[in-house]
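Look at the two complexes coming up: subunit A is in both, with subunit B in one and subunit C in the other.
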Partner chain A sequence: MTYLPKPKLHHPALPKNAIGLTHRDYEGAISTLCAGCGHDSISAAIIQACFELDIEPHRIAKLSGIGCSSKTPTYFLGTAHGFNSVHGRMPSVLTGANLANRDLIYLGVSGDGDSASIGLGQFAHCIRRGVDMVYIVENNGVYGLTKGQFSATADKGSKSKRGVVNTDSPIDLVALALLLGATYVGRSFSGDKPQLVPLIKGALRHKGAAFLDVISPCVTFNNHKGSTKSFDFVREHNDAVNRLDVILPKKPITADYEPGEVIDVPQHDGSILRLIKLEADYDPTDRVAAMDYLFEHRARGEIVTGLLYVEPHATDLHAELGTVATPLNRLGEAELCPGSAALAEFNAAHR
Partner chain B sequence: MTAPIRAVNDFVVKFANVNGSGSASANRLFAKAILRMGVPVATRNIFPSNIQGLPTWYEVRVSEAGWLGRRGGVDLAVTMNPQTFEKDQAELEPGGYLFYDSTRQLPDSRFRRDITRLGLPLTTICNEHWSDPRQRQLMKNIVYVGALARLLGIDMAELERLVGEQFKGKEKLIEPNVEALHLGFEHAGRELAGACGLEVRRADAVGERIFLEGNAAAALGCVYGGATVCAWYPITPSTGLAEAFMRQCERYRIEPETGKKRFAIVQAEDELAAIGIVIGAAWNGARAFTATSGPGISLMQEFLGLAYFAEIPAVVFDVQRGGPSTGMPTRTQQSDILACAYASHGDTKHVLLFPEDPAECFAMAADAFDLADRLQTPVFVMMDLDIGMNEWLCRPLAWDDSRRYDRGKVMTFADLEAGREFGRYLDVDGDGIPYRTYPGTHPTRGAFFTRGTSRDRYARYTEEGPAYVDNMQRLLKKLETAKKLLPAPELVPAAEPTRFGLIAFGSSMPSVREALARLAEEGVHLDTLRVRAFPFSRAVEEFVATHERVFVVEQNRDGQLRQLLVNECGIDPARLWPVLHYDGTPVTARFLIRAVLERLSDAKVVPFRKAVS
Partner chain C sequence: MSGIRDVDLAARTVVASDGMPPTDIEDPTYFHKVVDCQWACPAHTPVPEYIRLIAAGRYSDAYMVNWWSNVFPGILGRTCDRPCEPACRRSRVEREPVAICRLKRVAADYKNDIRDRLPRPARQKNGFKVALVGAGPASLTVARDLLPLGYHCVLFDQDRRAGGMIRTQIPRFRLPEEVIDEEVGYILDLEPELRLGERVDSLKALLDQGFDAVFVGTGAPKGRDLDVPGRREAAAHVHIGIEWLAAVSFGHVKHIAERVVVLGGGNTAMDCCRTARRLGGREVTVAVRSAFAEMKASPWEKEDALNEDIPILDHLVPREFLHENGRLTGVRFQRVRTERDAQGRRALVPTGEPDFVIPCEVVLVAIGQENAFPWIERDVGVAFDRHGLPVVDPLTFRSTHPKVFFGGDAAFGPKNIITAVAQGHEAAISIDLVCRGLDPRLRPPPAVRRTSQKMGLHEWAYENEVSLEARRRVPHLPRSRALASLEAEVELGFDPEQAWHEAERCLNCDVQTVFTRQLCIECDACVDICPMDCITFTVNGPEAELRGRLNAPARNLEQALYVSAPLKTGRVMVKDEDVCLHCGLCAERCPTGAWDMQKFLLETARAGCR
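Right after this comes the complex of A and B.
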């Protein structure tokens, strides 16, 4: 339980990253989710990604909506501010937070109910505005906290634990994110940490709207036969198009691959997204091709995973708005208040 | 035969036009010319929810005495819309004047007998003078302004100067407009000389005052108050506020070295997102606001509860309109008071400010950000369509350059580094207001998890009843603190001792003041209290306690402020007499006088004769 203190002591030989922090410094409170929950694996992946990227935890703001997934920000980055907001409305709160201070990293954590059902509108609009963020949907196809109702990402024909068959068409958030202009789109699986960690790292380094749909089986309500979000089903139908390696600026770029086996996508901050091709013809910089591929393979019952799209020259909402480099929350009277002389002119113009 | 009205600097002109015909700027020219002659005017747009084709009116009350409320009744009707000709004529006071386009002959039966007709063949005049159909239409508006100048004695030099100001940068347009003014002026001189008994005479009754819309004033208050994030969704009558903020930011908030913006404005997809963005920005230390109207407030309910409970300083402008539901989007009301005071589910109570005119919209807008930061709670600035979308003559805007923003209790890196104890919901000062930290302040200290669900004083998750109660009690204490910080009510004692009081607020005030003056002439005296904020201070309770009966004037059906008084101050409802005006038009002094006298007559305080006279 979260009110149980987690021991702060740790082994003196724990490895440290470039800023002298250990893995433990990126943890949060103890999870209160069900044992074996896919969401906890995602939290662990976030911790590992931040550790490996040498991010100062307090420079991340964690925002979420409501639901099992939205509870998870308590369980990682304990020294970062978090905001567990309103059901389906994390995107707007994150947008506002981002506008106030462009210097922090914004990590939005949501679920399929939170983003595809109640929050579909806000999901769509924050993506199309290009808010610089990492938006992770922990997608299990059900409402966990209210005990197992279908969400809007549940596949048509999939069966609930109680035997009810879902008759509604699913909302594919990856397809929507591509359509709406997200500049970094990936899908992964909570059970595939080697794939997931680099995808989160790439998203954290990406300047723009980065969206990750992470299929995260609900061990309590949606891990049975007949479910299309179970561990077994996802493993059997996983079609990974590539493996990502995030190469930070100034790190040596090793050439372990033959030409044609990898695609390097340089990022705004000098880092390189190295994509090891698993699907020879898949080009992750072609939005339209990505959508075609996604639709074709979905029709075959496959779950396409990997870094599905990345725009090398992405921009974000601040760039579009033309805001100043200084975070808005740091501006004071001197920068913001025009003063009494300007007001006298204003008065004179209104007589 | 009723004698034609004769009046100098004291009459009402009502323009009846077709929406989208270009009349608005011409009518405004008329009003401003009178102002420039030193004579106060009060102007009101009465317009439909429509872009083109439906009837629209513009009322100009000329009052050297300075009465700026809506008077009621019309002395001169300028009827440019055949659709409403009958209705406009019917509104005229006996002895009033009807100015109309006489191009098409109308039978005598179409005219009232107790009025004076002022017909000019405007269409013919314009058709003879201009060939372009659009120009004929637009210039007709200017021609009638010229004619009215002649009829009422408005200084043509002032009109010409105003045309020059209006078309600054588009000099080509000055000449035809001035020509149109003279055309009307000359025709009226030839055909209607001496026909109108209303007159504008130069005076010195305007002084330093300015002529400004509340929406623009509030927006400028946001600029001065340091707002950097605005998220909004278009909704009449609040749209102008966000749009004015955009314009003013482009003017005042550009970083000179880079040309970059010291503000961020997002037109959100709906009001839910608008308030969400505001809450996110305010949580992260920026001053943020949204502008909306009643339906938007309804949509924001869940978020407002979150902001109350999570203690986020959000500023909300509610430019009220006729409700409920979509209601009357282009008509004024003060009918969101309860919806805002108790917005959201659970036990909530919010801070409301009630500006009375555009100057106070400016001041209260800037103050709202200090109050929100100090109190860490949403603050509502309760405007309405009448203040927001009409230009009001009001005192000039003022700013003290030594003023510093009050960002409230925020712990800095240095505070945390020095080891100051931080509990996000810990009441260290005994005023119910805890300290907060902005995200990213310190690597290891001061972070907390913001939740809508319950927590203890250190922001740790708990569902324990006592911790919840403890927090809810502290929030009440915080509201007690608020009462001391909010703008105090304004007491105006009657000229003579009286057992009766009157409470009013917001846009009702000009009419209230006029009504009180006229009632005093009749020997009816009322002490007045202008409420400027909720939660009510002790002074409001004392005012009610020291009067036998108190009128409560408001522009809604259910007496919402009165309900708040009863509810929050434990006042016997029988002691508060509601005076309610809610047809969507601004309340008039005439209405108020009648309502007060009728009530006093029923209570046998004044003789019946007085009440009905």
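Right after this comes the complex of A and C.
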């Protein structure tokens, strides 16, 4: 815990991105989470991803629910839009905001309690509607704010800090997201920024429902022997299927790879998701194969990470609804209320 | 903790062949170098330690930290060349260094009577007799270190009062006489035998008096002259700078003509021109050969001269003293420019423009000082090199004669007071070792302490919030009043509130980030919080390559990388010491206490350490 604000001084040779900002410009208020919390590393990864993508902070809307994870939007992108909603209700608030203003980049930050318990229904419907967003679950398997009870993502058989064994089956949010039709699904680990930052970058550039399950050890209540969400356990059981490199349009491709070593997935905005294979036979564009692989390896006690699934030609809710290209919040009264004649015509069409 | 340390040392031997070895933080020089100011100070004064005491209003304690280390805090707080300030980390992370020198003066200005904290004259003499030739800063330092140990020290000086160049060459408006009397007095209170007003004419005769050691601290007493046409004819109106300053200091000279030219670009030239302004010089001009930016004078001294309406004209090489009937009428200069060859060597090349004349009635020549040892017989056993300097061991300050030691400007040519003090300390150690029949090349180690500053979850025994304030300027006396008197001190010094603000700018570089590898769980918390991007967890590699791929490239090769032994993942922790703010956020954010903030206090050895 730190009460001291981070000093304003920064490294004299700090690089600036294309819009003239340093990564320090993407920071928020000082975190009040426990020292060493994985969530703070995820915040740092979001900062790094936004910096590298040259995103103007005010083009991002951060939405969250309740919990340790949902506090974090205060600690990054201090000049972005933010809405700290009700427990488990972030997805519907995000959906509403997205419908009203399709021009912003929506970043939903939630936790395993917020999304897998109280908000499971909201999570499911937001994903299946294909809302264009990045949905990050900071997954530590416990309720940190209420002193470390098991959450719905805690593995069966894992031990609490006091030695109690969890007897309930876990909810695998990645498996759910795949099942519910998410078009960009990844899993990562707060202690592996080289993997996490590109995954967040790819999600931010993805048009459609992007879901990231990020295992984030709770240093206070869930980082002991017997936990399956500890730094040591995750490092020992991490099965990364690929490494992602997000190549922006017009940026030169620097690294060379042998054919067969990489899979390039072009995105609608011209960027390329370059996946360096770590698992030779893994095809991240095959939803069914991805689910098979996930279940198979989970049964072996492995934690599958990487970009697990991506649909190259994804669409989003606005496309399905056929809404106008102009964000609804920028339409004038005349366009939004075309008058009683138009209403009568519309009603007639439904008779 | 000792068990943990053993494991770490064992790990030093099993690193990948091309990776950097783990840093040995038990080597006192490692953390000493991180304290840039202390490392740069010739006497290695623990600067952050006394700055914290000043911030706490503990001026007497701050003074004593200084006094033990540099002997003349009040004098140095006004006159030091301050090698610490260009080294200050603050100038690399903000803009200007902490005003270390003027904070030292604050400690001297606001302290209480500290005499009861000073060593007393030795109750029992140890039977050894030491002659100290010249009563300047080097000899006084030797006296201070040896007298409490029981040595019988005999202080010789040609002047009637002790102090040497501190008294004769530094004008009173920069250094009031009371300050000299006070701090020289603390040493004289230790009761050396004073033979002031007595010039030593023969080292042989001195050695014959049965001294166990002779320390030569005679400074660089000879001002360099300028031999150009007209010098002899106008001799009565051309003065050597340091001789003239001494004559002013002793009250022999009270006036100067209205138009004065000062030749030279060092601090003596600055003292000469400013003194001339106060003795009746209305048009005082400094003429220097080199470019203005390359003058030897400290920037602040140049600034002070300019503030007193003294033009400093550069790129002028004096060619002739113009005179009429024994009266000086001016100086003729050739105009030059600076050119550099491929190796960056500087050459002054005539521009070809017509010569330039500055009319004047008096010239002060301040173009350098030289050592002079006419009193040392060349067959006495003290060897001299071809530049006329004694051959002195830079470690022990012993000459080729086993009983004769040198220090200060007399040893390696003109430097500054703080260097003289530092060398005096070293010579005193050597004299003590030699008298006790020990090898003076086996130097006693410094005293080193490391103390954790942790008080609570986010509470430290030092103020870790980094001040964003800019460097404060020391208030000056209004110019009209300053120029009206030779004695009125120009700099007024910081008041306690200004001093507190300035002290808060210190980054506490002596509070070290100490990393315990075995406790680290590689959670990245320190990496994420570090405001300067100093910390990286990565695979090891050769230093040059590693420096290029850290979170922020470590391009300052003078600053070390702190590298751990391999961690659980096989990676190492690398910290670039260069721009660390010592804010302690890494340690506050560390969930396991792998980072700790520990105050590193290094005190150099003093004579008598056993």
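Just so we're on the same page, the second predicted complex is superposed on the first by the 323 of 351 C-alpha atoms of A that agree within 3 Å, B and C clash if a C-alpha of one lies under 4 Å from a C-alpha of the other, contacts with A are read in each partner's own complex, and residues count from 1 in each chain.
The rule is short, and it goes like this: a contact is a pair of C-beta atoms (placed from the backbone, for glycine too) under 8 Å apart; a residue touches a chain by one contact, two chains touch by 3 or more.
For clarity, every value in this text was computed on a predicted model and none was experimentally measured.
In the superposed model, A:18 lies in contact with neither subunit B nor subunit C. Once chain A of one complex is fitted onto chain A of the other, the partner contacts of A:73 are limited to subunit B, with no touch recorded for subunit C.
In the overlay built on the shared chain, the residue A:235 is in contact with subunit C alone; subunit B does not reach it. In the superposed model, A:321 makes contact with subunit B only, not with subunit C. Among subunit B and subunit C, the chain that touches a larger number of residues in subunit A is B.
Once the two complexes are laid over each other on the shared chain, residue contacts for A:333 go to subunit B alone; subunit C is not touched.
Subunit A uses residues 2-3 to touch subunit B in one structure and subunit C in the other. Interface of subunit C with subunit A (complex): residues 92-94, 457-458, 464-466, 468, 521-525, 527-529, 531-534, 552-553, 555, 568-569, 579, 581, 583, 585, 588-592.
Residue ranges on subunit A touching subunit C, taken from their complex, read 1-4, 6-14, 24, 34-38, 40-41, 43-44, 190-191, 193, 217, 219-220, 223, 231-232, 235. Only residues 35-36, 206, 208-212, 220, 223-224, 226, 228-229, 231, 252-253, 255, 258-266, 268-270, 272-286, 288, 302-303, 306, 310, 396-401, 403-405, 437-444, 447-453, 460-462 of subunit B touch subunit A when the two sit together in their complex.
Against subunit B, in their complex, subunit A makes its touches with residues 2-3, 56-59, 61, 63, 73-74, 78-86, 89, 91-101, 103-104, 121-122, 124-125, 129, 318, 321-325, 328-329, 331-333, 335-340, 342-343, 346-347, 350-351.
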